[in-house]
Amino acid sequence: MELLYFAWVRETVGLGHQQVTPPDHVATVADLLDWLAADSDAHRAAFADRARLRAAVDQQFLPLDASVAGAREVAIFPPVTGG
Amino acid sequence: MIRIRVEPAPIDVAAEMALAEAGEAGAVATFTGLVRADDGVETLELEHYPGATQAALHALAEQAMGRWGLHAATVVHRVGPMRAGERIVFVAAAAAHRAAALDACAYLIDRLKTDAPFWKREVRAGVATWVEARQGDEAAAARWSI
Amino acid sequence: MIRIRVEPAPIDVAAEMALAEAGEAGAVATFTGLVRADDGVETLELEHYPGATQAALHALAEQAMGRWGLHAATVVHRVGPMRAGERIVFVAAAAAHRAAALDACAYLIDRLKTDAPFWKREVRAGVATWVEARQGDEAAAARWSI
Amino acid sequence: MELLYFAWVRETVGLGHQQVTPPDHVATVADLLDWLAADSDAHRAAFADRARLRAAVDQQFLPLDASVAGAREVAIFPPVTGG
């Protein structure tokens, strides 16, 4: 699974993207964030305030309780501020 | 005709207007967003989600085309660094009559603000800050829900 | 800054946009009305009431400037003969934020339609016809009454 | 008093403008139209359907029952169709 980070999430994680293979108990985006935060201070800091995070699963914008089953690409980012 | 552009080059409004007008429309409404100089911003940097951005903007333009029967919908968004006074975004809606063009133009920019994956970072006196999303943007986008 | 022009020359949108943007606004909304080609019009002729036209457009721009706190309001209206596809009118509203710019732009064109002394004559297959006023224009202008 | 005509009113009257000195009983725009129509077929034809006419007195847009007392310029025209 390819993970993508944008804006201050990218800066806090310290990576723009990373390839991971989550264990079977990771069912949703929120589970994925928990799993990533468990082993990394940088990820934990970036994902601390879930209300400030948005996600896309295979480029579909979805809430954090959306499934990541079979996903190839999951993006984590702050609320958008374009225009 | 749908025209979507996401690129670091400055936005050429005259060229975009000519393309939007080409469909024999009677009415073209546009919106241009600019880097405001009045609050001390020296540089604005626009980051986006390549691929997903174009898809989101295309979906938005298609919705506007269908809902208002447009001749043309244009969304041009600049990315990368830009300076005070420069254009960040340009949207245009071309229709037979003015009400459709005006409403579709407002729809495109309101929905772009909440639906398209762009992020702004402002640099003031050498210090970079990520712009926070505005509550009002959600409300502005929501008024277009059917 | 208020900019009013009533003249037979073609409308230069790029130049007008640059002037509207000059006030350090964050948002510029525009409306352009064009001679539609799809209903067989070969030539459109615009007659106006010299003096009274400029005064009416200036009053309209001043109302918009005050009501929405605009940085700039532009109204450019072509007069005399013009061909299909050419621009008849261009209005622009520049403001700090987009809601003010979009609303003021719609106000300017809605009110121009009922308040400014212009008359259109269409020539189709060599036959000239004066355009009748549209009922919908009165309603569109009335929605801006406070 | 200077009278101005626009669009099809101008074409039907056959004049773009004319100088007149109305008698004292001409108090309103409507009176002025009646007085002009009395002596001229062209004016009578142009002013036949009052619902299709609009007026400005000294460049103020006013209803046909508006006073013309002291007016220097009165314009008669159809509903506007600009933009």
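Chains: A, B, C and D, in written order; residue numbering restarts at 1 for each.
Basically, a contact is a pair of C-beta atoms (placed from the backbone, for glycine too) under 8 Å apart; a residue touches a chain by one contact, two chains touch by 3 or more.
If you're wondering where the values come from, they're calculated on a predicted model, not measured in any experiment.
*Asks:* Using only the chains other than chain B, in their current positions, what clusters of touching chains do you get?
*Replies:* Without chain B, and with every other chain where it sits, the touching chains cluster as A | C, D.
*Asks:* Averaging only over C-alpha atoms, locate the centres of chain B and chain C and give their separation in whole Å.
*Replies:* Taking the average C-alpha coordinate of chain B and of chain C, the gap between them is 23 Å.
*Asks:* Determine the centre-to-centre distance between chain B and chain D, using the mean Cα coordinates as centres, and give it in whole Å.
*Replies:* One centre to the other, that is 48 Å.
*Asks:* How many Å are there between the centre of chain A and the centre of chain D, using C-alpha atoms for each centre?
*Replies:* That pair's centroid distance is 73 Å.
*Asks:* Going by the contact rule already set, what residues in chain A reach two or more other chains?
*Replies:* 83 - these are the residues of chain A that touch more than one other chain.
*Asks:* Send over the residues of chain B in touch with two or more other chains.
*Replies:* Where chain B meets two or more other chains at a single residue, that happens at 33, 98, 109.
*Asks:* What's the complete list of touching chain pairs for this entry?
*Replies:* Touch list across chains, by label: A-B, B-C, C-D.
*Asks:* So in the complex, which bits of chain A are touching chain B?
*Replies:* These residues of chain A touch chain B: 4, 6-8, 10, 56, 59, 61, 75, 77-83.
*Asks:* For the complex, give me every residue of chain B touching chain A.
*Replies:* 33, 46-49, 51-52, 55-56, 77, 88-89, 109, 112-121, 130-134
*Asks:* Under the stated contact criterion, what part of chain B meets chain C in this complex?
*Replies:* Listed in rising order, the residues are 13-14, 17, 21, 24-38, 84-85, 87, 96, 98-99, 101-102, 105-106, 109-110, 140.
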